[in-house]
Amino acid sequence: MEKAMKENRLSSILFIVLFLCGSTSMAHKPFRHRPQPCNHLVFYFHDVIYNGKNAGNATSAIVAAPSWGNHTILSRLNHFGDMVVFDDPITLDNNLHSPPVGRAQGMYFYDKKEIFTAWVAFSFVFNSTKHKGTINFAGADPLMNKTRDISVIGGTGDFFMARGIATLSTDAFEGEVYFRLRVDINLYECY
Amino acid sequence: MEKAMKENRLSSILFIVLFLCGSTSMAHKPFRHRPQPCNHLVFYFHDVIYNGKNAGNATSAIVAAPSWGNHTILSRLNHFGDMVVFDDPITLDNNLHSPPVGRAQGMYFYDKKEIFTAWVAFSFVFNSTKHKGTINFAGADPLMNKTRDISVIGGTGDFFMARGIATLSTDAFEGEVYFRLRVDINLYECY
Amino acid sequence: MEKAMKENRLSSILFIVLFLCGSTSMAHKPFRHRPQPCNHLVFYFHDVIYNGKNAGNATSAIVAAPSWGNHTILSRLNHFGDMVVFDDPITLDNNLHSPPVGRAQGMYFYDKKEIFTAWVAFSFVFNSTKHKGTINFAGADPLMNKTRDISVIGGTGDFFMARGIATLSTDAFEGEVYFRLRVDINLYECY
């Protein structure tokens, strides 16, 4: 009798343990709650688009356009097809003249005729005492929305193998020459 | 004697459990079998390329081309270097006129002189009661192959942190004006 | 007394086992040491840029440029804004004439006015007895640095769901017509 109970008890323990291990092995499968980010960072970056007259200040330029566009003026139809390459300063606050802590380098293109919408692919490149390495981003940027989420598709250096979500918001927009984006980065895979 | 057996039994259980836990902890290391997808989705999207005469219907346009090309007609040498920006309707079946459930937004470019081959980077953008969020894709698209696999490099909203494989197949191709792709999405990382 | 000891022993085992399972479940959370790669690969690829006179040999061509550039000659200001589409042979050693084991297909663009810096997005496409499938890359390429890290953002076929870091180094550079990159690929997620 006592032996049976002991065996029972052993079975129960084994069951619990296996259950716990089992649920661990599912960790990569769907689960219902959003995990907590393992890193959170906030930056701003500043884009000054070349318009034929601001060569000294410009940090970006149109490099491709549809047949009805050109490379100096953003085209009609909500700039559909205009592609811009940029090398923008990153700052910790929303002041263009704050000391840059890195560069946002990459491209975006407008991709809808009816409203302003863009698609972006770029890197944050850091080489300071605080951060060394890069964070790589890609995704749709429906820029008329207050916030929009893009993917952190990878990282190097301090951000080795990072994955996560970056939430973009337009912090300032001045005609077709200057805009400033706030980037809230939440990493969910950190090494 | 009985005690030794019990210890033996305990050791065996411990061994089995640790083995199971151990194999769990390796889950991220190489393993031999493909995992089951945690989500499977099928969509179609429809690309109508601007050719100088279809401004009303066109969903895409050439925005970049090599020196021997232009932005209205796909260039010779299998369109090598032609880059196209698109905003294409996504449907659940292969009918261009079905109600769109989202937009495929991004770009592709032809990148081989000898045969038709492209490279793609785009997002599926959903904003319906069924799906909210984006899925981001990138990869080589050797479009003469019946099927070709590209990477799901990230997702947002309902597709938060998604990773997986999308299998593209050309469902229709009409001259150099219209094509329709079927996209079989298998996600292997879901949150 | 003996019973209490047994219970104690059981509790200890349970504690150890749960501890081990527990640490397993944290495997995806931040940890302090870099993991060992689950795969390491080294390749070279060779880029011959079209310059108006080498149509037969060229493996790449300028397809986009800022308003001050053109599509035959890399522009001034460190080629800022020039975008190049390529289909380059991949070899196992640094000899352009070695039998190619695959193709590097994608694009890069120069994105800084003050120095040479680029941003790259491309795939390695393999279809040999040794390797079948693709590896997809994206990231900043500050090409004046001896080595620079970009992200492996995904893979297909033999490289199903791959993630990792690729370290680029310029192995040769001949004027503005030819360069050869060495690519050290370290994968940290393998299936």
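Miscellaneous remarks
We just call them A, B and C in the order they show up, numbering each chain from 1.
In this section, a residue touches a chain if its C-beta (ideal position, glycine included) is under 8 Å from a C-beta of that chain, and two chains touch if they have at least 3 such contacts.
Here the structure is a predicted model, which is why all the values come from computation and not from measurement.
Although chain A and chain C carry the same sequence, what matters here is overlap: shared residue numbers make up under half of all numbers found at their interface. Matching CA atoms, the turn from chain B to chain C amounts to 120°, rounded to the nearest 5.
In terms of their C-alpha centroids, the spacing between chain A and chain C amounts to 19 Å. Of all residues in chain A, those that touch two or more other chains are 10, 17, 21, 24, 28, 63-64, 83, 121, 138, 153, 189. Residue ranges of chain B in contact with chain C, taken from their complex: 10, 14, 17-18, 21, 24-25, 28-31, 34-35, 63-67, 80-83, 109-113, 117, 119, 121, 138-140, 142, 149-153, 163-165, 188-189.
On chain C, the positions that touch chain B within their shared complex are 9-10, 13, 17, 20-21, 23-24, 27-28, 38-39, 50, 52, 61-64, 70-72, 83, 85-87, 103, 105-107, 121-123, 125, 133-134, 136, 138, 153-157, 160-161, 189-191.
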